[in-house]
Amino acid sequence: MIKVGIVGGTGYTGVELLRLLAPHPDVELMSITSRTEDGTPVADMFPSLRGHVDLKFSTPENARLTECDVVFFATPHGVAMAQAPALLAAGVKVIDLAADFRIKDTKVFEKWYGMPHSCPELLAEAVYGMPEVNRAAIKEARLIGLPGCYPTSMQLGLAPLLLQGKALVNEASLIADCKSGVSGAGRKAEVGALLAEAGDNFKAYGVKGHRHLPETIQGLEALAGRKVGLTFVPHLVPMIRGIHSTLYATILPEARDVDFQALYEHHYKDEYFVDVMPAGSHPETRSVRASNMLRIAVHRPGNGDLLVILVVEDNLVKGAAGQGVQCMNIMFGLEENTGLKHVPVMP
Amino acid sequence: MIKVGIVGGTGYTGVELLRLLAPHPDVELMSITSRTEDGTPVADMFPSLRGHVDLKFSTPENARLTECDVVFFATPHGVAMAQAPALLAAGVKVIDLAADFRIKDTKVFEKWYGMPHSCPELLAEAVYGMPEVNRAAIKEARLIGLPGCYPTSMQLGLAPLLLQGKALVNEASLIADCKSGVSGAGRKAEVGALLAEAGDNFKAYGVKGHRHLPETIQGLEALAGRKVGLTFVPHLVPMIRGIHSTLYATILPEARDVDFQALYEHHYKDEYFVDVMPAGSHPETRSVRASNMLRIAVHRPGNGDLLVILVVEDNLVKGAAGQGVQCMNIMFGLEENTGLKHVPVMP
Amino acid sequence: MIKVGIVGGTGYTGVELLRLLAPHPDVELMSITSRTEDGTPVADMFPSLRGHVDLKFSTPENARLTECDVVFFATPHGVAMAQAPALLAAGVKVIDLAADFRIKDTKVFEKWYGMPHSCPELLAEAVYGMPEVNRAAIKEARLIGLPGCYPTSMQLGLAPLLLQGKALVNEASLIADCKSGVSGAGRKAEVGALLAEAGDNFKAYGVKGHRHLPETIQGLEALAGRKVGLTFVPHLVPMIRGIHSTLYATILPEARDVDFQALYEHHYKDEYFVDVMPAGSHPETRSVRASNMLRIAVHRPGNGDLLVILVVEDNLVKGAAGQGVQCMNIMFGLEENTGLKHVPVMP
Amino acid sequence: MIKVGIVGGTGYTGVELLRLLAPHPDVELMSITSRTEDGTPVADMFPSLRGHVDLKFSTPENARLTECDVVFFATPHGVAMAQAPALLAAGVKVIDLAADFRIKDTKVFEKWYGMPHSCPELLAEAVYGMPEVNRAAIKEARLIGLPGCYPTSMQLGLAPLLLQGKALVNEASLIADCKSGVSGAGRKAEVGALLAEAGDNFKAYGVKGHRHLPETIQGLEALAGRKVGLTFVPHLVPMIRGIHSTLYATILPEARDVDFQALYEHHYKDEYFVDVMPAGSHPETRSVRASNMLRIAVHRPGNGDLLVILVVEDNLVKGAAGQGVQCMNIMFGLEENTGLKHVPVMP
């Protein structure tokens, strides 16, 4: 059994980790930390876990995290980088769901996250936790920086285009028009995320710049081995879970004969968690609700030179906790889909 | 033109007052206060008001409220009672949307609102602002304590039963199973009102006791002139606006031959804002959305001895701002429905 | 492995059965019927099942249902009673999710469902599939009539009160104020269930009379062994899954000293799927979303003589498909919670 | 008073016309037709209209439409073109909310709408009812083809770019990523629009081709006087009203110094119903809910060469009924905003 600790169990990614890990056949939940809820049974805060999780929240000091095999950080940015060095030194693997270990360039990190990076020496070692592009490195990793929710959908949606020897599309002007449910904003008391504000409403936000942009560009450039230009426009959808990314790429003249449907199907044919749907499909976010699946559809309207890629994922699962468990499975030599074979909840 | 000031314009009842008062033909909006937003144009915070409201928020000190004819308080409990005495002394009428002047017994107020009452001497003068039961007093009032949203629906739903010479129903054991949209909780950053928490979800709350219970019992007893017993169970509905109250009353043996449909129709036949629907109707909250109407349907399932009264209102209009404007119209000698003839927004 | 057939797989209870049965460790899905979708892969209609269900819909004629061990009917009322006799004769067990085998009195059935009952001779044998009140009979049953979604919540919410030697509450005037998500109306094209109609809206319906009333009274009277009177008022909530029943019962003078919290906890102490929450709780529908759990909270406001019981369930799971699988587990000697240990999906 | 008839009053655009026209100071509602609801009081079907509309539905035969000054068609495609010739011959003006008179090329119409056009001779005369680009022609028109909901947002969002002497952006590869609430699908019983299907869900649809594409291209080319290429990807949002269009245009090298914010502000400075918001704004659909306003924000992320235009409108008002009333006002010499000065409903 893998001994698992969770730091920061009171947010949505924390409770989602608990939903996935509590019934995981190879996991023993050891401790869950929360300074503010020390001593509170987890199931008192989240009655959905009654009968599934018997733990109480404890302070980090009392959580005996160094006795764990792996610790997940479901915390605000900045927490994992403060605690990871000691855990790694104690032989504990670390998987961070926040942004501390995503961005390799500390200047970029500091610009977008507004804080200095406290352990840049670990950044080189940290592995970007997206198994479909990075499986071998994850297998050997001690420290994982999990991708953000939007970046997962954008990168997996564009990867088959970029991973070719030569450019197929205009890589300088990619567009990602992304839509997310409100759980992406976290379990924080903010006026903008109230049902009375975000319900029956739709808007874009962060058009000027969003933290997931530099992360995604870094990832896309790593895939392509070339410079990539991306415009990323996020929108808030009045739903709870789910991301739908509509990606636009202009096909280069020399690639007009490529069968992109076949290219995507071939690229992902061995991936359990990526489903390339039949040509003409319109994936719905609910088709992956509460599961680790990501579905992709490839369109080329009017057989023109614009490729439209539709990607859906559950932002809390493949976009966060589920991808974390997927990485953990790889790191500990388990079948990659262990504990992650949920049938999506529909309707 | 009636010169109107609003204290506390950043919450939902404040912005709803602005929606109703900006196009009101007899109103001149003079000032809107907010300590935190001093200097911000109101329409910057609420773009729905662009082109309709040119005012900026100002501090109470700069708002020159004493030059107004009437001041609305759309503030948390406790603010109006601190400022009302000076305004009244300056000849300004006051309409409070909070609870400061609803409850006549200061001990009851203090128990349920957790603060001492700072001007008990005004309580005797304050008029409970529910025109359908209190019109004459409102006409003469300087100071109005507007009913709560739930209490409006409960009292107008039960009034025809209680206003008879003798009891028709068991007045000791009335039940009000009420359901409210989330705007009733106000524009406050609270986790429980997030779309990710309250969306796609339903629950009761405050079953042990809710502040609207003593207010409603006070009102019902004033109507009946007798002791009344009420169980009030509020629930939170994943919608923005609207209250649906399902009221249960046991018909007394001597009243079994009463035609309750006729009794309700007769009772409200001259009321513009109360619509007794045809027998067998199921009023929907959206049928009053964004309007000051309250609709009632009278049921007697299986022709038995339990009366089921269905009441719908928009909690922000008839349950708050609209009822306030209705009172203002009465106080200033206008037609009661001036500026309040909105067709409900459906769908 | 239990060979399972499903008749009528295109509605919400059908697809929910598939979600539960596809990963069930002791089940082999044999066939799913749909006349209109013959030949269509199930996962084409419900992409959430891609990778989990490989079956195609087939006509009943081609479905070889007589080779199954058990057949579920997720069909409109009237279908199961037409096909059950032949299946039973072939040694196949039958579990009907519709109303054909719920009501023992054919006159009552015919009045409420508007069709004659075609196999009254099976009614006496049919077992009402609510394990918590009927486990022994289910174990021996060939034919199960599964309870309706509302009736499950009402009966399990009231059972501890009624199953005592003498009456504790006024059993002649029980009230059930119930609220359901829209999936309860089924996957049928009806204007009233459109998002543009039912969204951001709340209303009661069927106050005059609802089919679940006679079923529930039959069940409550079977529990009590006495006549029971019930007023049932259903409401439509703008959410997808979930039922919240608020039940009112007047405590008899001789029962005023009963500890109802203890009574409920004791009554359900061995039930895996019924969770009596701590005193003072307000169960939320999302706390059971996509799981077979039913949660109950017991309230006695003001320590008066009115008991308020709050019950939540997922109408598609404990209110339909999940309860069906629970019955199947019992009928085939499996652990009752096999394949039903889902952690509810929250948020 | 303008005598107004409405053909097809049972859909969302019909009831929205009633909401706008019932209190319109210069309108007298004469008749509303519905074959299926002949004799039913309109307010029985739409209780929101109780007290505002006293008419009953009548058959077209009995509706005496030729006595009206203007008739609105809120009908499925194909109805207006059958009835318009006789009305026009009788001197009645016609405003069609469907597509019959939008598209000038009958071959294009027939391809996308699957029916022959029955009065092509009227197409040349019909005026496209978008006042901001076509006011003078509307003033003289007898027959108006109102724009579709999406096309209104796309054309008004792009018009300032295209109406310049020379191209500012790459007009061959415009992208419109549009999101609509479900009322856009109409008040039709369809499974895909159920709350249980479309709620808490997000998806694209019609990526292969949507009827609003040829209409929009026709309009854009009329504006530009040049060929235009557009990719249009519509999405379904789990909300009732509202369209949010995110428009992408690549700035041409020679236009990199253009101040697009100023260009938009200048272009729309005299338009009552078009609000160019301050730079950096993110318009929300609710900021125009139930009003005829359309709001635009202009973005240029990273000061690069991609222009991102955000447009919001209420699909039932500026996208349908409100724009129709706006045209009527113009046609009859009224102030353009008569009866259309609603403050948007927020929250």
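Every chain is named by a letter (A, B, C and D) in the order it is written, and numbering of its residues begins at 1.
Heads up, the rule we're going with is that a residue touches a chain if its C-beta (ideal position, glycine included) is under 8 Å from a C-beta of that chain, and two chains touch if they have at least 3 such contacts.
These numbers were taken from a predicted model, which means no experiment stands behind them.
Relative to the C-alpha centre of chain D, the farthest chain centre belongs to C.
The chain pair with the larger count of C-beta pairs in contact, out of B-D and C-D, is B-D. Of the chain pairs A-C, A-B or B-C, the one whose interface repeats that of A-D, sharing more than half of its contact pairs by residue number, is B-C. For the pair chain C and chain D, the distance between C-alpha centroids works out to 45 Å. Separation between the centroids of chain B and chain D, computed from CA atoms only, is 37 Å.
Residue positions 12, 181, 183, 187, 196-197, 199-200, 238-241, 283-284, 286, 289, 347 of chain D each touch two or more of the other chains. If you check the complex, the residues on chain A that touch chain D are 173, 175, 177, 179, 181, 196-197, 199-205, 207-209, 229, 231-233, 235, 237-242, 244, 246, 248, 250, 280, 282-286, 289, 299, 301-302, 304, 306, 308, 310, 312, 347.
Those residues of chain D whose C-beta lies close enough to touch chain C in the complex are 12, 181-183, 185, 187-191, 193-200, 238-240.
In the complex of the two chains, the chain B residues touching chain D come out as 12, 15, 18-19, 22-23, 46-52, 183, 187, 199-200, 240-241, 275, 277, 281, 283-284, 286-291, 293, 295, 341, 343-347.
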